[in-house]
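You will see two complexes here that share chain A, one where it goes with chain B and one where it goes with chain C.
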Partner chain A sequence: MTKLVTLTIDDQPVSVPAGTLVVDAAKQIGNDIPVFCYHPKMEPVGMCRMCLVEIGRPMVDRGTGEVLLDENGKPRIQFGPKLETACTTPVSEGMVVRTQTKVVADARREVLEFILTSHPLDCPICDKGGECPLQNLTMGFGPGQSRFLYDDKIHLAKHVPLGELIYLDRERCIQCARCVRFQDVIADDPVIGFYNRGRRLEIVTYSEPGFDSIFSGNTTDICPVGALTTADFRFGARPWELKSSASICTHCPVGCNLTFNTRREARAGGNPVIKRVMPRQNEQVNEIWICDKGRFAYHYTESPQRLTQPLVRRGDGFEEISWEEAYQLAAQKIRASQNLLTLTGGRLSNEDLFNLRELTLARNGQAVLYSDMAGGDLTASYGLAPGSNFGSMGKETAILVVASDLHEEAPVWWLRIKAAAQRGARLIVLNPRSTRLDKFATHTLRYAYGEESQALATFLPGAAVPEAYQAAVQEFHSAENAVIVYGSEGAGLAASQGLAQTAAAILAARGKVGQVNNGLLAVWQRANDQGAWDAGFRPVEDLPAALRNVEVALIAAADPAGDDPLLAQALEETGFVIVQELFMTETARRADLVLPVQAFTEREGTLTSGERRVQRFYPALPPRPQTRPDFAVAAGIGKALGLDLEGRAASLVFLRLVKTLPAYAGLTYTQLAEVTPQYPIIGRSDLYYGGTAYDNHQGLGVQLPLLPAARPVAVGQSQTAASVTAGEGEILLVPVTRLYDRGNTVLPSALLHQRLAGKTIRLHPQTAAAFGLNAGETLRLSRDGWSAEAQVELDEEVPLKMALAVRSTGIPCSALSAVRLERLTVASAD
Partner chain B sequence: MIKGLLTTLREMFQQPVTIQYPEVKRPVRTRFKGRHVLKRYENGLEKCIGCSLCAAACPADAIFVESAENTDEERYSPGERYASTYEINMLRCIFCGFCEDACPTEAIVLGDNYELSFTDRHQSIYTKDMLLEPVPPGGKPTPQNTEPGKYTRSVPVMQDPQD
Partner chain C sequence: MNALRAQYPEEVERILAKYPAERKRSAVMPLLYLAQRAEGYIRAQDLRDIAEICEISITDVASIVGFYTLYYDQPLGRYHIQVCTDLPCALRGAEDFLRQLSEKLGIGVGETTPDGLFHLEEVKCIGACHRAPVFQVQGDGEIVFHENQTVETALAVIEALREQARAAKGEQA
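What follows is the complex of A and B.
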């Protein structure tokens, strides 16, 4: 426990931990000292002088060190001759702060007057107008009139694209450096900076493409004026016209808390549309940050390509039918079949998954998760214990990240783990190639693709440790708390099963299971994979065979045919295929019955994040006519089969879910919607102290308790996945994940197109030379059943005879596998 | 009673105050507040910059504004922003003139027209084309292709801040 220091702010005593800054201490008692450059998530810099206050300290007798008392027996306070910045001054015992005196008011007025001398005052057209700290503080403390002549104002460029996502208005910038500091300190992407000085100062970008950072959108939230705006929202609406609805990001397992801002729009025929996505504070999940995928990749939900009517196959085409007919048809086919397979994707909510599960189990079907990652049963028993929070991890914790490029797979976890490492947490990164996390790691270890489990096994107590690993292993075992994070870099189902088992065994052996800030964390490929595991869905090793052998396949939120031609072939052989989808995907094209569902923005539900936090999302938009939520569709089919399924509302499904799934026992929607005060206070209501991120009034979610393990983890039993080797003319294809992939939920956001991963494979120059390939050339990859063309990229870091392929870009790669590689002979003129 | 009859008799020979509307129209007072007009500058550019302040000020929620970005090639108004949609529902409007007061560019002005009758609710919604005044002589219609860097200010610079 840090020492508490007591001080007096405007005659009100307050006790705060030593080291707290005067601004933050004042905030705790509701005294808003105005700030511009200070941000509660960053170190102070004292650049803007807006926070000037009078600070007095008790006088001390130099000889004795005694505090001098006045005639009333109170300590004598000496005020400095000048005002001090509250944002850079830490509290000290007996300090007296005055914020309401005339000198302070004068100082505030003068600082504002000075800032406004070079401010364009175009609030009427400024996107920040209405939620702008400068506007608010000017109204609160500023001068009514300026002594400067309007003609003296400096005119600068107002439309400066820093990249295709973020625009700068040079006139509006007040040079607080919040954006520059955020990129430098928090996001570790120092791609923007100050150039020139004084009134000529401007923010410039150093990167190509401009402002190359996956966190760039956050700078528009923390910019205290409208100098930085996003291309997505530019002139989109005035902030006061927007309605807000709480939601959860469904792009990755972090589960960042979002707020959707909506407004009616003429282009949409007077219907409400999403105008922008903003972060919502949850200090245990995303703090006040979100990545640009969460911010900009929502456009798929409003795509005109969305399905709007149930469709049934008639010959080569589809014909519209009513929902009732669709349910009856589905039920008839399921009733007539011996075996049913339900394949779900991790985009679905817990309620959807629960109803699909009930439907499947009632028909003795197989509940299959569409994923190449295993271990969800282990994370349920060995996962992060309730109360764990990356934000509270420090030097007593060792974080071991294995087989994951976190920056691409789960950006906000990367951000928070990096911050933990900077606070002293011992970060050990185990990955075959370098990643953005290496820089912050205490130990960086390498292994060859395919040997992840063996590499991790060296962390088992008593294991033989190779020389290179010794220091890291020792460090890991000497830490009080242990967190193991595993991903799917280069790993398929079998390999990740081995990884998860080994990791669970390490944690079990250390006896740390169930303690706060300890446990196993899977970097799932989709947002609610954990929820799907909890509901009993499991990935299968040979999905093509499984699909081929069933009479009815019910596929929801998954596009196997689009990812892998082998699966597409298998689907052709499946008896009857029912697809619940948003779009006419490759899978839907091969279906016999296509059921249009609602996007998560149009309905309610819950998602379970990788940290096993159950969080609610709320509807932001009215549903499209003729679409239904997945849980209602499953219930509709179930009812037609004579099953008792709930399909009226997500909350009613949840009531049944908590009675069935042990981990969720006793949870209620009300509990999920509870909030407790969060620190730091960043509130919108507090003059946008920490930017325009939304306060959280809709729930912080609940972390699920750990379940007792069904059986002790089998140490080392991990099938040393029959090591794949590449033969003559072949290479090993290594699946890796990129944030901006070409999935169905990313592609419709045109704004991100420049940044999407290409259909490329990355090779070591030597490997490429062996095949006679140069950078940029096209090659053909083939394996029994499929072939795909891709472009060559050279990368020194890729191991020899291996090729990195990005998931969801059209190259089928679910696990490490050997593929034939051919150079495509381009018919050239010579 | 005789007094009453006398009054009647006297009034019979007075000039009638009734005006034969619609044949005859009485001029409105200078401060009359009738149907809105969206003003233009002399060169034809629209004064409205799509800021929605009128919509925010309107007590009857009668105004709907949507904005978009100007380019030098396709310019509707000075500065970066213009109203891509501008609608006033005259059935809602109470002709208070708050919108006029709120407008930073004096773009929306309550005019003289009081002849507002509709046979259908939808007709009561006046769109931007209906509200915009005609292009003044010598001006060009919008969108205009303008010289780069000339119209960078949305709100005209005040000549005299005391004004």
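What follows is the complex of A and C.
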């Protein structure tokens, strides 16, 4: 326990841990010392001088070391000759701080006058106006008038794109370096910097593309002025016109807490539209950060391409029908069939999944998760124990990351695991290629694609450990806490099953199950894959066969036909295909009945994150007239079948869910909406301190308890490189994940197009040469039943005879697999 | 290929050897001087090369160029003629000296002669107040002081440099 230090701030005593800064100590008792450059998530720099206060310390007799007392027996306090910066000064015993004296007020006024000498005062057209720390602090502490001449203001460029996502207004910048420090210290992307000095100072970027960081949007939140704005929100609305709705990001399994800001607009017929996405504080999940995908890839929810009417197949086309007709048709087909397969995607809410499950089980159907990653049953028993938080992990914890490029797969976990490693957590990264996490790892180990389980198995107590692994294995076993994070780098269903089993076996053998900051974490490919597992949905190894053999397939929030031509063919053979979708996807095109559903922004529900935290999202927009939430659609079909399903409200579905799914037993929506005080204190009245991230009033969520394991876990065997080999004219296709993928929910956000993964294949130069390929040339990959074209990218890190393909780019790659590779000549291009 | 390393293989190694291998970023300033030596300024390519050598971002390198006044990010002439006009020098006629020199050279302060050889600058104290008017010439990797100057002696220095540059060019041709 850190030693507590007691000091007095404006006559109010406060005890804080030694090392706390005066500014933070004051904040804890509600005394707001104004700051610009200081940010509670970063080390202080004392650049802006806004936090100047009077600080006195007890006088000490140099001879005896005793505190000198005055005539009343109180310690005599010596104040310094000058003011001190509250943001750089740590507290000390008996310190006396004065923040409300005339000399402090004068200092604040003068600092503000100085900061404002060349500030353009264009608040009426500034995006930050209304939620601007500079504006607020000037109103609170600034001079009413400036002694500087208005006409002598220096004018600088006002529309400087630092890349296509973030714009800089040079005039507004007050040189606090919050953005530069965030990028350097927190995001480890030092791609923006100061250039020049004094009045000529400007923020520059030399990266390609400009401001090349997946966390760039956060700088606009912590910018204390309107200098940095996003291309998405720039001149979009005034902050006071915006309504806020709490939500959860659905792009990855981290489950970052969001706030959607909406405003009614004439262009939307008077309806609200989303103006921006902001982080919402949850110190256990995303703190006050989100990645740029979460911030900018929301436009799909308001795409004009959204489906708006139930459609039934008539010959080659579709015809609109009513919901009642659609339910009756679906029910009739299901009733007449012997077998039903329900295929769901992980962007559905728990309520959707629950109703789909009930519908499926009632008809003895098969509940299938559209995913090529396994282990959700194991994470339910061996997962992170409730109370686990990357933010509280330090040197007592070993974090083992295997088969995951976390920076791409789950950026905010990357951010927090990196921070844990910087606090002393022993980070062991086990990957087939280098990733952005290696730099922070205590040990970086490599294995060959296909051998992930064997590599991980060396961490089993008592296993034979190769020389290169010894130090890492020892480090892992010596730690008090153990976390294993596994992803799907180069791994399909079988391989990830092996990974999960091996990881669970290691944790079980080490007794690291069920304790805080211990357990297994899966880097799922979609936001609610864990929830789908919990609801009983399971991926299947041979999905084409499964689809081909059923009479009715009900597909929700998944686009198998768009991902893989084999699945598209299989769907042609499925008897009757019902699709619940937002868009006319390739799968919907092949459907017999298409049911338009509501986006998560238009309804409420819960999602279960990879850390098994159940979190609520709330409606931000009114739903489109003829759309329905997935749970209601499932209930509608169920009712037509005579089943008792709840479809009126998500909260009512949840009441049934908690009675059925053991891990969720006893949970209530009220509990999920509970909030406990969080530090740092942020929010609308504390903008100057933490930035424009929203404070959390709508719930921190609940981490699910671990279920007892059904049976002792067996060490998994994954497919080995020996079992999948590339023959003559073939290569091994390795699936990898990129943050900016080409998924149906990303593509409609045009702002991100320049950064999306291309349809490219990464090859070692030698492999490329063996096939007569040069960088940028087109090749054709083929395997029984499909072929795809892609461009060649050279990368010396790719193993020989292997090719890295990004998931979602139209190259079917659900697992490590051998495919034919040909150079595509002009003659064969047709 | 790293052009800077190709051009100055030994110098780059010598500079890097002064710092621990895991603290390569410490070498950024001497490397910038090295890069500046060739063209008299730091080119975009130099930023990339140095970033690669020091294993830091290009933006980090650029911000150092931006911070220090003695790194130049655009061509300013091969020789920088830096005249001190601080108070002691001004008392000994430095301001007049600078004005006349500027007229004779036909360029203003902060400008470069059309042949790209001379860039005239007004600087703060260079530590020779008692021998003002004084100027230093920076160029070709050297700094040379010229004290107790008159416009005539200064022009002679400049002419000599011009001659030297011409001769060097002739040799190359």
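A few points about this structure:
Just so we're on the same page, the second predicted complex is superposed on the first by the 817 of 830 C-alpha atoms of A that agree within 3 Å, B and C clash if a C-alpha of one lies under 4 Å from a C-alpha of the other, contacts with A are read in each partner's own complex, and residues count from 1 in each chain.
The definition used in the following text is that contacts are C-beta pairs under 8 Å (C-beta built on N, C-alpha and C of every residue); 3 or more make two chains touch, one makes a residue touch a chain.
Because the structure is predicted, anything quoted here is derived from the model rather than measured.
Once the two complexes are overlaid on the shared chain, A:W240 sits against chain B while remaining clear of chain C. Among chain B and chain C, the chain that touches a larger number of residues in chain A is B. Within the superposed three-chain model, A:I192 lies in touch with chain C and out of touch with chain B [touch as defined at top]. Of the two partner chains, chain B is the only one touched by A:H155; chain C is not. Of the two partner chains, neither chain B nor chain C is touched by A:R783. Once the two complexes are laid over each other on the shared chain, residue contacts for A:V204 go to chain C alone; chain B is not touched.
Every residue of chain B that touches chain A in the complex is listed here, in rising order: 49-53, 55-56, 64, 66-69, 79-81, 84-85, 87, 104-105, 152-155, 157-158, 161. For chain A in complex with chain C, the touching residues are 189-197, 204-207. Within the complex formed with chain B, the residues of chain A that make contact are 121-122, 124-125, 129, 145-146, 150-151, 155, 158-159, 234-238, 240-241, 264-267.
Contact residues of chain C toward chain A in the complex are 47, 56-63, 65-67.
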